[in-house]
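A, B, C and D label the chains in the order they appear, each numbered from 1.
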Amino acid sequence: MKDFEYQNYIYSRKNEDDRTIINVKGVEIGGDKLTIMAGPCVIDSFEATDKIADKVKNLGASVLRGGAFKPRTSPYSFQGMGTMGLDILSDIGSKHNMPVISEIMSADELDYFVEKIDIIQVGARNMQNFDLLKKLGKTDKPVLLKRGFANTIEEFLLSAEYIMKEGNKNVILCERGIRTYETFTRNTLDISAVPVLKRLTHLPVVVDPSHAAGIHWLVKPLSLAAAAAGADGLIIETHINPRESSCDPEQTLTIESFTSLMNELNPVVKAIGRSI
Amino acid sequence: MKDFEYQNYIYSRKNEDDRTIINVKGVEIGGDKLTIMAGPCVIDSFEATDKIADKVKNLGASVLRGGAFKPRTSPYSFQGMGTMGLDILSDIGSKHNMPVISEIMSADELDYFVEKIDIIQVGARNMQNFDLLKKLGKTDKPVLLKRGFANTIEEFLLSAEYIMKEGNKNVILCERGIRTYETFTRNTLDISAVPVLKRLTHLPVVVDPSHAAGIHWLVKPLSLAAAAAGADGLIIETHINPRESSCDPEQTLTIESFTSLMNELNPVVKAIGRSI
Amino acid sequence: MKDFEYQNYIYSRKNEDDRTIINVKGVEIGGDKLTIMAGPCVIDSFEATDKIADKVKNLGASVLRGGAFKPRTSPYSFQGMGTMGLDILSDIGSKHNMPVISEIMSADELDYFVEKIDIIQVGARNMQNFDLLKKLGKTDKPVLLKRGFANTIEEFLLSAEYIMKEGNKNVILCERGIRTYETFTRNTLDISAVPVLKRLTHLPVVVDPSHAAGIHWLVKPLSLAAAAAGADGLIIETHINPRESSCDPEQTLTIESFTSLMNELNPVVKAIGRSI
Amino acid sequence: MKDFEYQNYIYSRKNEDDRTIINVKGVEIGGDKLTIMAGPCVIDSFEATDKIADKVKNLGASVLRGGAFKPRTSPYSFQGMGTMGLDILSDIGSKHNMPVISEIMSADELDYFVEKIDIIQVGARNMQNFDLLKKLGKTDKPVLLKRGFANTIEEFLLSAEYIMKEGNKNVILCERGIRTYETFTRNTLDISAVPVLKRLTHLPVVVDPSHAAGIHWLVKPLSLAAAAAGADGLIIETHINPRESSCDPEQTLTIESFTSLMNELNPVVKAIGRSI
């Protein structure tokens, strides 16, 4: 598709100043600030999640992430705590005054998510689950839509359109790496998608370096790159003790690494005229 | 994954003679015959579908395919006739004594599919819609599971496992092309997936050359290749007048092309010791 | 590129009957026969190569393959016997009355290849080594040009054009698998490339299932598929004792497997109206 | 490959302080500065190249790039001015006191390159032209080795090893985008390759955002991202009038765009503790 072909969609950016800023309990996404979303891959206990929330908030994160329903390739892998995980996440978000984000896997849980969760995440595997997209479009909850790992930018935007067409304009796009032949990294972060999306749509664009890389020591340089390329936010897996985490320990930052990341991120964000 | 790692799943082939034959209203899939499933991309009228069914059955097809709920990249594309399409397909199947197959997009329609449709298809975009897979696993309907266009063979098998683990052992695997950098064809048919799957699992394996190629003149050579490589069936888009079809006219065979395909397919199928 | 855009090249097929048949010491490539090229990955001794030649010729192979200059990813891997390997191959070809094929890696050896070798192979890594292509174009030796593992069909044809433009019309195209995200197989055999190439060009098209798959038990089904899809030939790694081979033992057929392949290939080839 | 497997190569980084700084006529590559290489895609006249050199030098570029031998997909595309182009580039480099870089396509021109050019570039298509790599390894000229567009990081490093093993340790690695299914951009810049390479090897790593993106308005954000991710340099196509350029006008920056890029790049480079 050429540029001009994108101009008649609800997602289309009409001019350089056209941007959607989504306000979630006082946290603005898509504005001048770079929004940091951090937290564990999966909620496995109140205590660990509570400690993580406390730490990441102090270091600059404004949104708390945590998985309760986990899309696992194998049916024999841990599938998450389910609604109990959502309850914990919601309680900890309230305690620390942080909006919370978690992934939905089935429309069956939509009412529960709407009640408990501030930003509903659609994972890469469900980016073209059009039934789920339409149902999310009938709520007014902010939706963070992850790019499918083999979906084009055009398909990504059209999936956002599925949500917006039903009435819900609060869509946040998330680049999280695509499948390529390279095996060193888990996926290949398509950094170009950030400026391409920022040009084609007014919607906020965030980056998930943790899932793209699959390796903890890549999260920092990829976060700096994403910020420099114009991303509106980052979503970063962080844990008090990654080895204890029930999923993805390889890519999860310790608090020490998260601190180091924030220390290096701040001057880069300032250099491009934004703040955290 | 190495071969031996596959041996403890429900889908795993225990030995060379281990194969699942699924009997759908008298049509066997996974046995000695090559099963031909044919029909329009989308059901758009009783009359056209009825004519197509009549023709393809005479030419050797034993299962009638037709879309009622269509997974379209854009929300502004024709989304199919919905339950009315299922009614038409079901009626025509009964009239011609052909089992029917159609794609499900939401668990909301599951009861209707179970009542009307003989083989429920899960499309490439929903291969990792684990919620839908689990619900299909609780029925006893044959499920044709298409490989996601960026999913590995391992992930494909584990999605089949999601269905089987819930109790439903009637799973048919369908290779339909994967995403690569090549743009001449719509997708790249991964012909190697056929013998790999036949080795790793006892489940039937069919090939969809129409969606893989996206070009009508490739359907014949790819069908011959799939049969020679050991596929248990083919699913082929066919229409009386492809130009009139509401979707995918580029890849749909005319009755003349379908006739020509069947004429060339028969001797190849015989050469490998099977029949149609 | 659309079909019509291909019509003004030297490689372009002008009509359905337009095909180039290359005669190499009495062996026709691109005609009604399916040409079998077989032999070891790499020449490592006269004795082993001689035995292999004897066996594969008896089983139906008409061209003997063998590597002397090996393109190895690491500089520390065995690089082949060089000109001594070409000498051996040439002598054994004469002894068994088989034309021989071997890969060239540098224009420095071109004169030696022209003297000793009947079909000069350009490997996937050199498909866009335009300097080498031009120099080959100034000879009249048959050239087997392998598709680069990340090259499009269009680029493949334009590389053939580089050779033909210099005067050498004896080009054979070889599909050998492309790079994708799938890791079960070494590469993904792009079976669609066979009918696409046969439509766009009059040049012969052969398939290398050994390098595409990287797994010996896939060579047979992929060979059957390639023949059914319209390939004019197959190039198959075969060895008396693959475990002894200095390279690629995983994908090399034993004489027993090669025999089994030929037994199953013959009826399929006959079914499509060709012979071996 | 795991980290530890990389430790026994000449390219391997022995510890965190191990880095190669290549001094080319006083310009250091791989040290604390971010090296900017700029210039036209192809040299087409003395006058245009002279003006470009003057402008980009004033704006912070320290190395002048320009193509004389062009690797074109089609034999009918403009192939560059050849040695005359090298002469022009060399003269302009001397005039402006800038080292020059240009791509070699054949070992036949190696002596001429060694005489005239300060950094010899090996293009993506020749990354595994092992004969050329070995010959470059026998000179002492700095070599900028571009990653093949379907080569893994491991293969990339092993190609550098081919050069270093022959004695030439002056190798600069260049990430320039890889082939994926995404078609919006020409290639997908693998930004992760930058920190991965910086960890595995002591060699300098530069990024070519122009060829990766294929779109001029992506060059700035990708340059910022590359700098933030730790690249040691950037190589950027720039022209006085891109529309006049004989190749790649879509991705070439005007002097105005290059100025804007440098203005935004400077604070980011400072933020990460480097300078230009």
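To be clear about the criterion, a contact is a pair of C-beta atoms (placed from the backbone, for glycine too) under 8 Å apart; a residue touches a chain by one contact, two chains touch by 3 or more.
All values reported here derive from a predicted model rather than from experimental measurement.
Common neighbours of subunit C and subunit D under the contact rule above are A, B. Looking at A-B and B-C side by side, the one with more C-beta contacts is B-C. Between the Cα centres of subunit B and subunit D there is a gap of 48 Å. Separation between the centroids of subunit B and subunit C, computed from CA atoms only, is 34 Å.
Distance between subunit A and subunit B, defined via averaged C-alpha coordinates, is recorded as 34 Å.
Multi-chain contact residues of subunit A, defined as those touching 2 or more other chains: 150, 154, 179-181, 183. The touching residues of subunit D, when paired with subunit A in their complex, are 1, 150, 152-154, 178-185, 188-196, 199, 212-213, 217-218, 221-222, 224-230, 264, 267-268, 270-272.
Subunit A makes touch with subunit C in their complex at residues 150, 179-181, 183. Those residues of subunit B that touch subunit A in the shared complex are 71-75, 105-108, 125-126, 128-131, 148-150, 154-155, 158, 161-162, 165, 179.
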